[in-house]
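Please read through the structure below; I'll follow up with questions.
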């Protein structure tokens, strides 16, 4: 047993930390100001920092494929996600942000040569962004069999129809590609009914209805969009892997994204705990620093315990994915999905409390980050779905007995 | 012991319920649309509904003084707050919204004849609004001795200087009056240092810097403002009650506002629980309504218990205020300040969870109402300050022993 | 609305408080010593105090029937339960302890003249005790349709067979009567299958197998017994009310018992909070009293809030029982069943924590009282059953809509 | 990073698992029966199993010193503690039980040749047991500077006086040695005032006053004793390491014991979760197994998450002790002290709830194990002391800034 990160990870983390300290933390305010001025374009500071990151060879770190990326395992990459998670927009600086990471991996693993020739280079270069269209408003889409959108073959084309929402990243003017999940073979067995297909953002019939908000935040320019796909026609060659293989692809892309999200939440929580500590050391109430109150010390201690425990669980899930694969690791992958966002919500809420009402305002990142962590209790299905699954897997251990 | 509301309250509540059903719930969407179109003016629908409420004699219900208002006791009025709390902007419809209610009461109780002649009629008529400027950004103002703003006599005037924030209601274009708390007698004994003074919103030197946000909401047109008072000069007659009597006035206005806020939170929580119930009855996941899952039933049950317990505690606090006065009731008043917003946050969070990600968006009022309830854990001082006070009062019972 | 107890209750409470102070608190140690010396007989101190209570006319206070008892309503009697709950054995002193109270009420309401002539006088006089045999080990008896014991007519007799446990009070050597619930008409509609029958403790075939423990406590001399009823033969006239009417009787006895239990838990929690307060005022750690730590103050404050809220909810349930009856009050009766023991467990656990390891020992009543409160999360069915019911009743409000 | 246990640990664990399955689980009932029959002697089954364990070379596994024991690191030994923790008395079978392990390590590390010649062989052989006398009733002994017992030089002897309690293991008739902590140099600097001295259990003046109970359990034959040391005279050579070096020794023995306790709690919690799972699969209520209720599945899922997170945190603390030492690992050692018993209490409480009232009785180990886990929230100081320390260490990170 060894809890030390690999030499490679330690070196990368050091460089990443240095980059964050030199370039990212000081740019936070400018980022928000530029977004306020031009809500749906990538803010200039982001493009500037992307060039710096590329120059510093902190680019596409997420890719296990060493031809295109850093060639890191999940265990090696996860600690870098934590660092990036400290500033919510920073993973984009390193071309490591969702949903592009999942989409790029999907293309590399399942895309045809011509599909990849068309879409990959610009995505890998950070020139364009992409989106993943799965969730639908009318149904509980944590149960994927509820999905209603259709992908129908018509001559050399497919015609796509559907109503989707919470489509993240499509707000960005640079978004050019949407990977779309829909029903292609309604009569097939349950797990062969769905397909994934590539849809250019500017295809006729692709329409953004509105950005959705999360606690009042629209998360521009990234955005979470409600969209309609109205008789969108794409060439048959845009089908990914083959008709009816949508579930297969969905399974494949699941695990790593969870690790990334969860480790970014660790970084988020650490950042908020740091803000809390700095605040309570300096803030005086009734004659002494809040940080000397035992109730504050208790919360800091609990935060430290919760964060460290969650990090270890995520790292173990990553290690299992690397060593025994997603399928065996499915309990662990479900567990971190429940543990990490709940942990982050608790820690951030304490940090907010330590800041007084200011903690709810835009003067600190805390309320914004709380909204983000709260949202992740729904991404990929609400807590309840995952707890049910974990519970069932636990009970199954006693099946034979 | 009698848990029945008085006949008067029951009759008013019935009329209020009917008014809400007929006029307010159906106008919710229009309210938000009008605010989106013109952020800082009172939306036309509000003015329209105010006229209707006046016509229905559902106006100034909060006023214990029967010359100007309904002449209800706290116990009689509190259940009406619950009804109004179901829609966050509705208390304004009945001219019962904070901080105007507290300001009007302050004027009636402590204002001079000429002060009241100038300000009261338009406030009582709902023509203008008012604000209360106490909280300051640089200090923990839950400890009022930290307040730094100054009110200095200069000939026939007072000159006011200070940096304030979280000044609610000043966003509204109809706001004409600010009651300002500052230090007038720095050398006086601790509780005689502060004064309250009346400042016209349009006095030179009164400047709004920005609206603050709570999570991502600016609560327009009400608003929570950061403000600067830069050498604001007002005639000496604007002083309330007399120099150095700020604390005395602050004490006097404290109790009823707490009751109102807390009972509105009851209404808020009831409304969100209703939304939750309706949702889980209709929403199907994995083949059956979410509402048949025991985990959902448990949360609904806990919500019902939490709400009913909190309501009873608030009503008891109201009853004590009516029968033995604010001072004796100070433990109860502190207790509801802790209990009600925490209860509401829990209930609303469960309601959000039952709605899936949609519960975080603007399609439901839930996230907005969560933000409101969360903010009330800071208003009049954070939970911690009140819990400390309650704990100390409890320990004091064993002093003699 | 009126939160004041009636004059009658206040007067009785004052006398009860005085009696507790003069006679009961000082006798606590002696009680435990006498029980240690003779585990299954009523300790002499108890018999002595019963005579005193009778002399003080603090006797049979629970009986709504003013012929035999105090003739108090639920609202009037409940606050007396709180006082008695402060010392776990004290309700017996006033002939107000479970399960005798429920059994006496059952007899008065449903017993025949001859049944009552035989059993009531000695029970009302406190000379004998009684038990209620319902719960069975093999099944989840919170679902009463699971009950398997049988009551079979055989000539002029009934023959009773069954395996029961958690039969409280039967440990006491003075216990002479058992009210037994079993299936008499297996083929009848679900709610007409069961009967209640009176069984003398010394009838042949009635056997105590062992006392059960709760966290290591056997609660002697009261005791929670596992019992076998092996072909116990009783005369047909021992049937209560009539064959197949067991459920009807069970419903009738339900509500008041809940109020009593829950209000005693309020007293229990108040007592433990008092112990906690006294402890933290005097106990020094790291240079100052634990009671000055904000984490201690927070817990005391939360305890005060939890206790006061639970008391109000119970009193409201009692008031509803008095005014609209058990059936309409069934949500409230279910709510207090969940709220009160959970509240007590939390408060007592904090009190234990404030005492250090000593809080777990027999030097304080805390661990014993925790065990008692924890057990009450199972009595009459576990929390989960009641929360499910409350949740369903809440959802039913939206049925028509 | 590597989450796999070492080959050596895996092999030992397999053998230990097999031993438990073959010999220990089947002997549980017999153990309790024998203890009931002879409360303060080691039950015959225990002695029998000790011989088997010795024969199976599963003996003294805890000893890092490979001359006397298995020579395992903390990381290697900790997973074996988990297995032993599944049955509360089983670590004694393998001569791995507290406080003997700590005492043996203390002797090996700090004992003189003659001290060790006298005491070690029989302890290592499992022939005798030992105790550690530190905690005192009159003071908050989590703050060690409060300790009042005295060790005074008198010619060639030391004279020991003191009132101690919670002295575990001294109940056992085989206990022959007590390591005693007291003040020897009251005027010395704070950390040089205390000494540890070896006291034979049968020395004149050593008196057991009573066994203390935890909830209602006296944990016989192990026992937690209140003791008086009344002018106990021992030869000067019984002083450990030297006068005034008590703290130094106390520090040294701290870390490993924590790891052992905490990993045993993991085993305890796993065992209780297993019981819970088996129960809910078979127990039917309202027509279906409790295990299909989502509220049950949620608790099982949360239990799985809590247990796995706590285990990882403990293993990391063990790894840090092995690689960077107790001092650097002090935050982690404090964290597991808080996390593990609280986790265990939660998990066991859910397991109890799933068993109905039976879960509180002696028919299951659950209530007994809850009592044990609850007690460990006090051992080595209550949670609050450790949370304060963790909080302070966290704040200290921002000192320079």
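Labels A, B, C and D are assigned to the chains in the order they are written; within every chain, residues are numbered from 1.
The rule is short, and it goes like this: a residue touches a chain if its C-beta (ideal position, glycine included) is under 8 Å from a C-beta of that chain, and two chains touch if they have at least 3 such contacts.
Computed from a prediction, not measured in an experiment: that's the story for all the values here.
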Could you quickly compare A-B and A-D and let me know which has more C-beta contacts?
A-D
So the chain most remote from chain B by C-alpha centre is D
Counting in whole Å, what is the centre-to-centre distance of chain A and chain B, each centre being its mean C-alpha position?
38
Centroid spacing, where centroids are CA-atom means, of chain A and chain C in whole angstrom:
53
From the C-alpha centre of chain A to that of chain D, how far is it in Å?
43
By the touch definition above, chain C meets two or more other chains at residues 293-298, 384
Of all residues in chain B, those that touch chain A in their complex:
135, 137, 139-140, 142-143, 146, 166, 212-217, 283-286, 290, 293, 295, 352-353, 356-358, 360-363, 367-368, 370-371, 374-375, 377-379, 382-385
Please give the residue numbers of chain B that touch chain D in the complex, ascending.
293-298
Which residues, counting only chain C, touch chain B once they are in their complex?
1-6, 75, 273-274, 277-278, 280-281, 291, 294, 296-302, 304-305, 308-310, 312-313, 315-316, 319-320, 331-332, 335, 338-339, 384, 386-392, 394-395, 397-398, 401
